[in-house]
Each structure stands twice: as structure tokens, then as C-alpha cells.
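Right after this note come the structures.
Across the two complexes that follow, chain A remains constant while its partner is chain B and subsequently chain C.
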Partner chain A sequence: MRFERRDHPSRALTLLAPVGAILVALLVAGGLIALAGANPLRAYGLILKGAFGSRLGISETLTRATPLILTGLAAAVAFRARLWNIGGEGQLYMGALAVAGFGMIPALGAMPAPLAILLCLAVGAVAGMVLLLVPLGLRLKFGVDEVVTTLLLNFVAVLFVSLMIEGAMKDPLAFGWPQSVPVPDSAVLPQLMARTRLHLGLLIAVAAAVFTWWLQSRTVFGMRARAAGLNPRAAAFAGVPLGRTLIAVACLSGGMAGLAGAIEVMGVKGYVTTDLSPSYGYSGIIIAMLANLNPIGVIGAALFSAVMFVGADSMSRALSIPSYIADVTVALSLLTMLVAIFLTQYRIRR
Partner chain B sequence: MSVLFDILSSVGMWEAVLRIATPLIFGTLGVLLCERVGVLNLGIEGIMTFGAMVGWLSVYNGADLWTGMLVAAAAGAMFGLLHALMTVPLGLSQHVTGLGITLFASSFSYYLFRLAVPTSSSPPTVEPFRPLAVPVLSDIPFLGPVLFTQTPPTYLALVLVALLAWGLYRTPLGLALRMTGENPHAVDAQGIDPVRLRVFTIMAGSALMAMGGAFLTLAAFNSFFPTMVQGRGWICVALVVFASWKPGRALLGALLFAFFDAFQLRLQTVVDGVPYQLFLMLPYLLSILALILMARRARVPQALMQPYRRGER
Partner chain C sequence: MSPPASPTAPRVLDLDGITKRFGPVTANEDVSLHLDRGEIVSLLGENGAGKTTLMSILFGQYTADAGTVRVEGQELPPGKPRAAIRAGVGMVHQHFALAPNLTVLENVMTGTEPLWKLRSDRAGGRARLMALSEKFGLKVDPDARVSDLSVGECQRVEVLKALYNDARILILDEPTAVLTAQEAEGLFSTLREMAQKGLSLIFISHKLHEVMSASDRVVVLRRGRVVAERRTSQTSKEELASLMVGREVKRPARPPSTPGRVLLEAADVHVGGRGGASLKGVSFRLHAGETLGIIGVSGNGQTTLAGLVSGLHAPDSGSLLIDGQTPARHDVPHAIAAGIGRIPEDRNAEGSIGDMTTWENAVLERIWSPEFSRRGMVKRAAARAATEAIIRDYDVRGATVEGRIRLLSGGNMQKLILGRVLNAGPDILVAAQPSRGLDEGAIAGVHERLLEARGRGAGVLLISEDLEEVIGLSDRIRAIVNGRLSPAIPVEKADAQTLGLMMAGDWSAAAALEAEASHAL
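Coming up: the complex of A and B.
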């Protein structure tokens, strides 16, 4: 058996790849549901019903998709430039923590809401950037591989959050629970649907995806970032400033992850805890791959994950299947997607 | 000052060093094997989690402790096979595949654990490995209790270091392995199939990683809980760079690291006014420091992360 590179991967095949990948993942996960003694079709039916069956379900799915779009973008922009940012989780927490800390400044509460919100979003994004610029600096300066450093910094970031919310930023009114002081009302994102948790953050995330798409496909920066990823040596030879491009990519990537944390605090929770994110940062990596690193595709992939997570929560209550099945399915779809992308690029010859 | 002396002169502290080092030794040897044939295996964090879960679950269901270790190793080898098939013959991104394996293996562990042990407030326990005092040697003052009253898997880990060091540098198979990580074309030219060698080595390395995980639930603790691996896998990846891909130095790195970990645990209890989170950050920050120190000096296997296809360069 040999693999032969296709000269022109067909567009239809490329678009079908994620669909096929998700179907195979669902098939395997279906086996695991059957193993638990439930009917897979019924379970998937309940997942869809949980995610789409009611106004509340739909709003929850969209609320869940919001941070996932942003962490997905964070991974997608970085991976395209071969910057292996696996630190989305830590950057998200730093964004969240920065917003909560910034919110403690009394002047913020007196500001008009739009200004306070814009300032908070910027602070969150910058905090995310800073946490990614550290490992990037280590790579550029000392040649330290950023994969492991970004991974390790995730743990440091969460511990730092824990340190702050049990210390300087602890809410004295929280009955001893370790959580931060809530952000002032002026920094809370407005609701999009009455009596649900859906908030303005969704529109910000979608706008971020469109902005990223524009940046990547219509600007010099986008072309340089892609060139740096495809072949750094050739790119450098053609005059692409590699270091500067990577720094810009890191700012964009870390910024998106930081934004995800800020928005989660400002739109959903109101304060920071160490369980703010059910590994949104890691899910972002899966979402980016499912989207084939396409920023617009990220929206769709984030929706798929959100449907699985929200739907599985309500399904597991009805069928007593552990809701971890959602994590299993989504992680499996990453592996199947990798193979699917391979099959769009190669044909198998005997 | 006398507090520091008390900690450093206590048998308990040094005994803990070897215990804390054991899962790291298994893990670093696993990573080292994979990377020596040219493949990065970021599946380690998930494989350790799965090993911890499946080893514990087997013993919980009546298997004896060594069977539990063996089941973990076999499961680890299976994840290794998956990683190997995707990264070696297909040549997919080793970064992303490894992360995918980690995410899949850990969520799969939690899923199976929840199925087997539906909600209970306190995690059920098993009877873990007991320390095994080596006759005569364990009677040596200080060194005896530190080195020779460990649990059996710790002795196994130490034997594996020696075995691997000997195997890699003193046997034809070891030469072929090292060569595969440096120049797979040359291996192929010698009539050895580098693809097959890579696949089997990754399986073996992944089995070691899973045993490191199983040590956590079967010797260090006696129960399984999600997120218990706590980045140990990633630390192993860093330690291999620190060790310059050499088994002896990997042992040294794991011991050094475990020393700091055991030390900070004890320091936490005697130093007042320093938040405990700062102590907990130390292992991760130390790993990053180790990477910075060694990044330029370490001799990376030349074919690391380069997929091999016959006839392609």
C-alpha cells in the first residue's frame, strides 16, 4: 500500500472531511454508549433535543459556543504560523483574572458601560497576550520549544488565579468560597435574549472570527504568517521578518484566548473561580483542527462542540450515561479529522 | 536554618524523593524511547491518566497488583499503536496527534471510571503496593531505608533505566533505534524497516508511560480521581530535553525534580506566610527553567518530528 500526494485536493472533499470525521467519531462513541447499556440513537436524539429542543437549550448552546469560538481562533491563528500555542487554557484564565482585577478599580464602576466594557475587553486580551509572549520569547531567545512551556504555564496560570482569589482579590461576601470580587455592573455584557444567559459575547466572538479571516486572507500580515508556517526558511529568504511576524501572531492568538476568559467573566459568571473553564482552552485546539484552521470554520466547529457538551449534559441526566461522552466524542473527532485531512491530500495506491 | 537541616537530614524526605521520582522515571523513559526513534509523543499525559485508571480498575475488580500494572502497560501500548499508526505510516502532525491522544485517552478514562464507579462522594480505594525491604541492604543506616524499602515498581523503574541504557548503547537493536531517530534513510539502506521499528518502539514507550500512571493509583495513592496526573506527563517531556535523550541523565533529572518536589512539600508545612500556591508552581517553573538551560546544549535526535517515507526526502 502506498500513499500518493494529490496535486489538487478537490474542494468538495475538503469540505466533506469534517463531516465524515464527525460521523466516524459519533459511530465510535455510539459503540461506547452501547457499552454502557443504552441505545446510541436514542442518546444522540436526546443530545440534539437537549441542545436545540428548547429556547433555553439553544441559548445555552450558543453561550457555550462563545468562549469556544475564541479559543478555537487562538489555536487556529497560531497553528497556521506553526506557533504551537497549547496554552489557551492558561491565557484564558489570565484574561479572566485581569478583568476581575481591573474591575476592582473604583473609577470603572462610574464609567458609562460601553467604555467600561471596551476597556475590560482590552485588558483581558492583553493579559492573554502577555502569557503567550513569555514562551514565544523563550523560543526566539533561547530556542526553547513552546509546546511544553505553554502546556506547563497552563498549570502555573491556574495556580496563580487560585493564589489571587484566595488572597488579594478574594470576595469577602462569598461565604469563604474562593472566588474573586465580582466585576462592576458597568462591565457586565448585556443579554441578547431575555431570561437566558446568552450575552453580547457571542457577537464579539463571531466578529473576532470574521476579523481574523480578513486579517489572514486579505492582509500582508496574514500572508506572512502563513508563509512563516509553511516554510520558515523560504519565508525568511523572501524577506518575511520571522520574529516580528511570530510576535504579532502570538499577540493575536493569546489575545483571543484572553478575550475568551474576559468575556466569560463579564457575560456569564461575573467573577473568577478556578473552575471557570471546563478546559475551553484545550477544546479550542480540537475546534481549530476540525475547522481545518479556517477562522469562519471555527464558528461551525465550536457550535458542534457546544451542541455535544450542552446536549450530553441533559442526555446524561435522562440515560445515566456519564456526560464525559461529549469530551470523548469531541476528542475522537480530532483524531478522525486528522485522518480525514490526510485522505483529502493523498490517495491510496496498491 | 536548622529547619532546612531537619528536612534534609530526615529519612522520610529522601525516601519520598525516590517515590515521587518513580512515575517520572517511567514517563521519561517512555518519552525518551519514542523520541529516540524520531517521534514526539504528546499523548503521554492522557496515556498516564488511562494507565492510572485502568490499572486501578483492574485491581478494584479483583486482579492482583502486577496484573493491574500489566493491563495498564497493554492499554498504553494500544494508545501507542494508535499514535504510531497516525504519525509514522501516515506522517500526520506529531504535535496535534499527540494532543488528540491525550484529550481522547483522558476523557475516555473519566468516562470508563464513571461507568464503573457511578457517583460516589469519596473515591473507592484498593490495597496498594507495600514497601518491600530488601534483606540485608535495608539495614544499612540511612541509605537502607531510603533506597531499599521502596515499593516493587520503584525497583522495576530503576532496573529499567539500567536495561535501557545498556540496550540503547550496547546492543544492535539499540543502535538501530538510535539510528532511526537520526537518519531513517540510513537504517532503511541497512535492510531494517524504520517504519516498523518506529511503530514497535512507540508502543513500548507508551506502555512505560501507562505504567508510570498506574504507579500513581497502585503505589503512590490507592484511588483514582480525574486530573490526578497533574501535568506529570508534560514534565516528563521537559525532563527528556533536560536529559539530552540519555537514560542515565533522565534518571538524574527525575530524581532532581523529585527532590525539589519533596522539599517544597515539607517546606510548605514549616514556612508561614507564603501562599501554598507558590510552592505548587515550583515544579512547573523548574521544568521550564530546565528547558531554558538545556535548550541549546541538548543534542536533539536529528530526525525528530520528521516523517519518513521511502523515496521522499
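Coming up: the complex of A and C.
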């Protein structure tokens, strides 16, 4: 058996790859559900019902998708330029922590809400950028592999958050719980649906995806970033400033992840805890891969992931199947997607 | 044509009618070659003559389209390096295949023992290695880490590795390319000794003096065919040079042109070796309407010189004036803005991005210009139109504006690159190995374009290892040797011998010719 590179991977095949990958992942996970003693079709039906069957379900799914879109973009933007940012999780936490810290400035509470919100979003994004610029600097200067540094900085970031919310930023009114002082009301994102948690962040995330798509496909920067990722030597020959381009890519990527953290604080929680993110940063990597690094595709992939997580919660209550099946399914979809990407580019020959 | 082999030595290797094509390019055509025990045969040819391809077929790395390989009478199955090794063929590659973090002994023993064996017989391996080292006079420390060894020592390890695998036929692919002169001398005497002890060797080279001093017999390859076979004792460097380059040098019509003003002037430029050989004080002038050819053995600084003019490297010292001015910065956008068109040495690694579209590849290097972008936004319609013009004017076959460029053949890729460069109307053209790896038709096309550019008054800096090409296109020729440029000789005075001496670093004749030419003006 040999693999042969396809000359022209067809567009249809490229678009179908994620769908096929998700179907295969659902099939395999279905086997696990059956093994746990439930009917897989019924389980998936309940997942869909849980995610879309009610006003609350829909709002929860969209709320859940919001940070996933942003962390998915963070990974997609970076991977396009072959910058392996595995540190979305840490950047998210730094964004969240920065917003909480910024929120402690008394003047913020007195500001008009739009201004306060814009400032807080900017602060969160910058904090995420900074955390990614450190490993990028190490790579550009000393050739340190950013996979390792960004990954390990995740743990550093979470521990730093822990340090701050147990100490300097601890909320004195939280009955001793380790959580930060809440952000002032002026910085809280407005709700999109009454009596749900769905907030303005969703629109920000979707706008960010559209903006990223525009940046990548229509601007000089986007073209250079892709060139730098696909063939750095040829890009350098064509005059692409590799270092500067990567720095800009890192700002965009880290900024998106930082924004995700800021939005979670400003839209959902109001304050920072160390369980702010159920691995949104890592899920972003899966989402980016499922989307084939396409910014618009990220929205769809994030929705898939959100449906699985939200739906699995209600499914598990009805069928007593552990809701971890959502994690398993999403993780499986990454594996099947990697195979699918390979098969769009190669064909099997005997 | 083939000289008689000594009657007593048995035949150990027979290549018969080997043909290999890569797409439209024929790398080997009906090549036959034999080797007797204890014989050293040189395979001589220019870059791209098909030497390495032929040896890769012998070693089972490529499958031939036609022809057979027989070792000691047994036919080797095609495409199976393991079978070749088992039959006693050993190969020492130009680029070493050693693990730098392992010791000499570990490197030599790697792959010789089955993986599932729990214990490695180090004592036995060591004894065997030492015995081989003793027998062939290849001194090594078996416990030294390969990363601590010099290049010459690494090569010894490579040879020992092949011998350890019971090689009876040893192929050395340009073994001296990385060696100093003394190391090379040492290698030649070792080769002699190995041949006397019954090994048979194939020595690949494009350096005439090495071939003369190292081998018993010389097989000359040109354009994938065997053009001659000579006993070393019955030939001369001069004969081999003319055989290698081709008896009659075909000169395309190079219309006369009077050189105009100085477009490019380098004065004592030093560039430190950034991944390539460094430039150590390079001075030259390029005039409008002339082609200056730079010849030389690869690795003498050609890549760095091309990079300097292309804007990839800034001079560490010395000056580079473009049209009499020092550019504000020595980088690619300034070089292009100053009117330098660049044809890169490596079309695929440097000249194109395979997974981007044709139009993106066509405009990327000038994306900053107002022609193709405005306030950071790509002018897609303009870029597409420009690309369509290139595809049409330069007859780039198989390319569509929106298609990925990866699948273009070498010749069409080069047409696209020529198109994107020449349509910008450069005053200076730097062409590095512009016809490397192309077939005859494509080469003719490239040459025509280069002559056209010169004809409309551009200065062309042609850096090439193909002597025929340089002689055919250039007005003046310099050789690059170890980061320095020889005096420039007019092409009318360029014969194989003079050029050979220039490339070997003997510049007295060239200096005289240069002086004579400047008197004549």
C-alpha cells in the first residue's frame, strides 16, 4: 500500500473532510455509548435536544461557543503561519486576569459602559499578546521551540492566576473563596437574550472571525503571513520580513486568546477563578484543525464542540452516561480530522 | 571505443542500458558502465550530467525506466537499497548520513544488528572496526562522538561504515567537495590502497585534476549519456575538459552590444558566511547592455554573491552601488525598487511557494508596490491581470491564475519567474543557475529571454556552473574561487583551458587577458 500525493485536492473533498471526520468520530463514540449500555442514536438525539431543544439550551450552546470561536481563531491564525501556539489556555487566563486587575481601578466604574468595555477588551487582548510574545522572542532570538514554551507557560499562567486571586486580587466579600474582585458593572457585557447568559461576546467573536478571514485573504499582511508559514525561505527571498510578520501573527493569535478570557470574565462570570476555562484554550486547537484553519470554519467547528458539551450534560442526566463522552467525541474528531486532512491530500494506491 | 580491461581481473559490476527520465527531463539515457575488481573508475561530468542519478539507480534509491544492474553476475532487483548493500555495494554520500550524537562505533554498527537482539555485540563490533581501520589505514577513534570529528574524519567513518557492511564495490559521490587539499590527497592514497586490496571503486567528480590523479579509467557523462571512456594514462586534462563540456561549444546568436554606463559596482565587498560560503573582498562592475558571467565550482560563494545582489545579504564591509547610489537599505524591497530583477538559484525552495496560487507567487515580491496593493489591501484584480499577462506572454503551460503553483514543471516555473521579473522591466538582472535542471527547449527559452533583456539595455549578472551557458551568453567572464572574483576576460578569449585555470584559482593568464582587453578599448 502506498500513499500518493493528489495533484489537485478537490474543493468538495476539502469541504467534506470535517463533516466526514465528525461523522466517523460520532460513530466511534457511539460504540462507546453502546458499551456503556445506552442506545447511541437516542443519546445523540438527547444531545441535540439538550443543545437546541429549548431557549435555554440554545443560549447555553452559543455562550459556550463564544470563547471557543476566539481560542479556535487564536490557533488557526498562528498555525497558518506555522507558529505553533499551544498556549491559548494560558493566554486566555492572562487576558482574564488582566481585565479583572484593570477592573479594580476605581475610575473604570465611573466611565460610560461602551468606553469601559472597549478598554477592558483591549487590556485583555494585550495581556494575551504579551504572553505569546515571550516564547516567540525566544524562538526568534535563540531558536527555542515554541511548542514546548507555549505549552508550559499555560501552567505558569494558571498558577500565577492562583497566586493573584489568593492574594493581591482576592475578593474580600467572597467568603474566603479564591476568586478575584468582580469587574465593575460598566465593564459587564450586555445580554443578548433576556434571562439567559448569552451576551455581546458572541457578536464580538463572530466579528473577530470575519475580520480574521478578511485579514488573511485580502490584505498584504495576510498574504505575507501565509507565505512565511508555507515556505519561509521563499518568503524571505520575496522580501517578506519574517520576524516582523511572525510578531504580528503572534499579536493577533495571543490577542484572540486573551480576548476570550476577557469576554468570559466580562460576559459570564464577572470575576476570575482558576476554573474559569474548561480547557477552552486546548479545545481551540482542535477547533482550528476541524476548521482546516479557515476562520469562518472556526465558527462552525466551535458550534459543534459547544453542542457536544452542552448537549452531553443534559444527555447524561437522562441516560446516566458520563458527560465525558463529549470530551471523548471532540478529541476523537481531532484524530479523525487529521486522517481526513491527510486523505484529502493523498490517495491510497496499492 | 571502450578500452580493453586487464584480462585477469574479473568483472564485478555491469550497468547495462540504464535510462531514467524525470518528467520531460532525461537524466540518464542508455548508460552502460562496467567495473573490474581492484579498479578505480571515475565518473566525470558537469552538474546535472546525470552522475548522481546513475549511482542512485545502482544503489537502489531510484528505479530505472530501462536497463539492468548486475553485481558479480547477479541482477539486482530495482529500487531496493538493502539488496544492493547485501550484494556488496557501499555508498559514501556527499552529505554524510551520520548521527552526530553517537560515537563512531555506534554509527558504524547502526543497522547491522537485528533490532530485537537484546544485546549489542560491541566487543565484536569494535574488533571488526579496528581490524578494518588497520587494514585500510583509516585511522579513527571508535569512541569519539561524531559531532567532535572533522569533516575528513567523518568521511573516513562513512567509508568504514560501508566496509563494515562488507562492501566490495564502493561509490564515492563527490568525496572531495568538503575536504581540504591535504585531506583530499590523503583520501586518494587510501583509495589506491583499497583498490590494491581488491575493492572496486567508483569515484564521482567534476574536478579534472582529481580524476586524473585518482582513477584508472574515466567515464565521461554529458546530458545523461556516456560520451567517452578513456584510460587515465591515455588521456589529458584538456581532452577530458573538452569532452565534459562538449566538443563544439554551441553559441546562440549573441548580437553585439556596446556596454553602457555602470549599473552595479561592488568594491571590496565582504559578506560573512550565513549558511553559505562567504565573500572575501569582491569587486566588479556591471554595465548596461552587457552580460557578466560568473563561473566556478559550486560552493565557492556563488550563492552568497547572488544573495548580495538580490538584497538578501548586506555587505559586512565594502560598498555596493546600484546605478551609482548606495541603497538606503540592503534588503529585498529596496533591491527590487532600485530595478534589480532576481532569478533565484532554487526555483522550488526560493523562487516559489508551492501551495500558494500562481497569482500570489507572481506578485508576492512586489506586493508592496502601489501597482499591487493600496493601504495594506491587495489589489486582487490588478494582480490577476498581471499574472494572466505573464502566463500569456511567457507561455507558462499548465498554469491557471487561481491554481496552486506546486505542479508546474521546472521549465514552466522558470518561465513564470522570468515573467514576473522581466515584466517589471529591471535594469539589472541577476540570474543564478537559470537553466539548472531544465530540458533543452526550456534552456533555449531562458537564454533567449536573457539575451533579450541585455538587448534592451539591462545589465545581466549570470552566475552559472554550466560553462557552455556562460560562454554562450556572456560578454565578459569572471571565475569565483573561495569567495573571490578573478579578473574578467572577454568571452572571445575564453577557451576550456583558460577557464579551467581561472576556476582552479590560477589567475595570471586571466589578468593578462584583462589588461590586454582594457588596452584595446
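What we mean here is this: the second predicted complex is superposed on the first by the 350 of 350 C-alpha atoms of A that agree within 3 Å, B and C clash if a C-alpha of one lies under 4 Å from a C-alpha of the other, contacts with A are read in each partner's own complex, and residues count from 1 in each chain.
Just so it is clear, contacts are C-beta pairs under 8 Å (C-beta built on N, C-alpha and C of every residue); 3 or more make two chains touch, one makes a residue touch a chain.
In this text the structure is predicted, and so the values were computed from the model without any measurement.
Colleague: Could you look at A:86 and tell me whether it touches chain B, chain C, both or neither (first, second, both, neither)?
Modeller: In the superposition, A:86 touches chain B alone.
Colleague: Where does A:142 make contact in the superposed view: on chain B (first), on chain C (second), on both, or on neither?
Modeller: After superposition on chain A, A:142 lies in contact with chain B alone.
Colleague: Name the contact category of A:224: first (chain B only), second (chain C only), both, or neither.
Modeller: Once the two structures are laid over each other on A, A:224 reaches chain C alone.
Colleague: Looking at A:68 after the superposition, I want to know if it touches chain B, chain C, both of them or none. Which is it: first, second, both, neither?
Modeller: After superposition on chain A, A:68 lies in contact with neither partner.
Colleague: Applying the document's definition of touch, where does A:235 land relative to chain B and chain C: first, second, both, or neither?
Modeller: So A:235 only meets chain C here.
Colleague: What is the contact status of A:36 with respect to chain B (first) and chain C (second): first, second, both, or neither?
Modeller: In the superposed model, A:36 contacts chain B only, not chain C.
Colleague: Of the two partner chains, chain B (first) and chain C (second), which one does A:301 touch, if any: first, second, both, or neither?
Modeller: Touch status of A:301: no partner.
Colleague: With both structures fitted on chain A, tell me whether chain B or chain C touches more of chain A's residues.
Modeller: Result: the larger residue contact count on chain A belongs to B.
Colleague: Please work out whether A:26 is in contact with chain B alone, chain C alone, both, or neither, and reply first, second, both or neither.
Modeller: neither
Colleague: Touching chain B and also chain C: which chain A residues?
Modeller: none
Colleague: Within the complex, which stretch of chain A touches chain C?
Modeller: Residues 7-8, 218-221, 223-224, 226-227, 230-231, 233-240.
Colleague: What residues on chain C touch chain A, complex-wise?
Modeller: 310-312, 331-333, 336, 342, 344, 349-356, 360, 364-365, 367-368, 373, 376-378, 380, 403-404, 407
Colleague: Can you check the complex and tell me which residues of chain A touch chain B?
Modeller: Interface residues on the chain A side: 3, 32, 35-36, 79, 84, 86, 138, 142-145, 147-149, 151-156, 159-160, 162-163, 166-167, 282, 285-286, 289, 320, 322, 324-325, 327-328, 330-332, 334-335, 338-339, 342.
Colleague: Across the complex, what residues on chain B touch chain A?
Modeller: 42, 82, 86, 90, 92-93, 95-97, 99-101, 103-104, 107-108, 110-111, 114-115, 118, 230-231, 234-235, 237-238, 241, 275, 277-278, 280-281, 284-285, 287-288, 291-292, 295-296, 309
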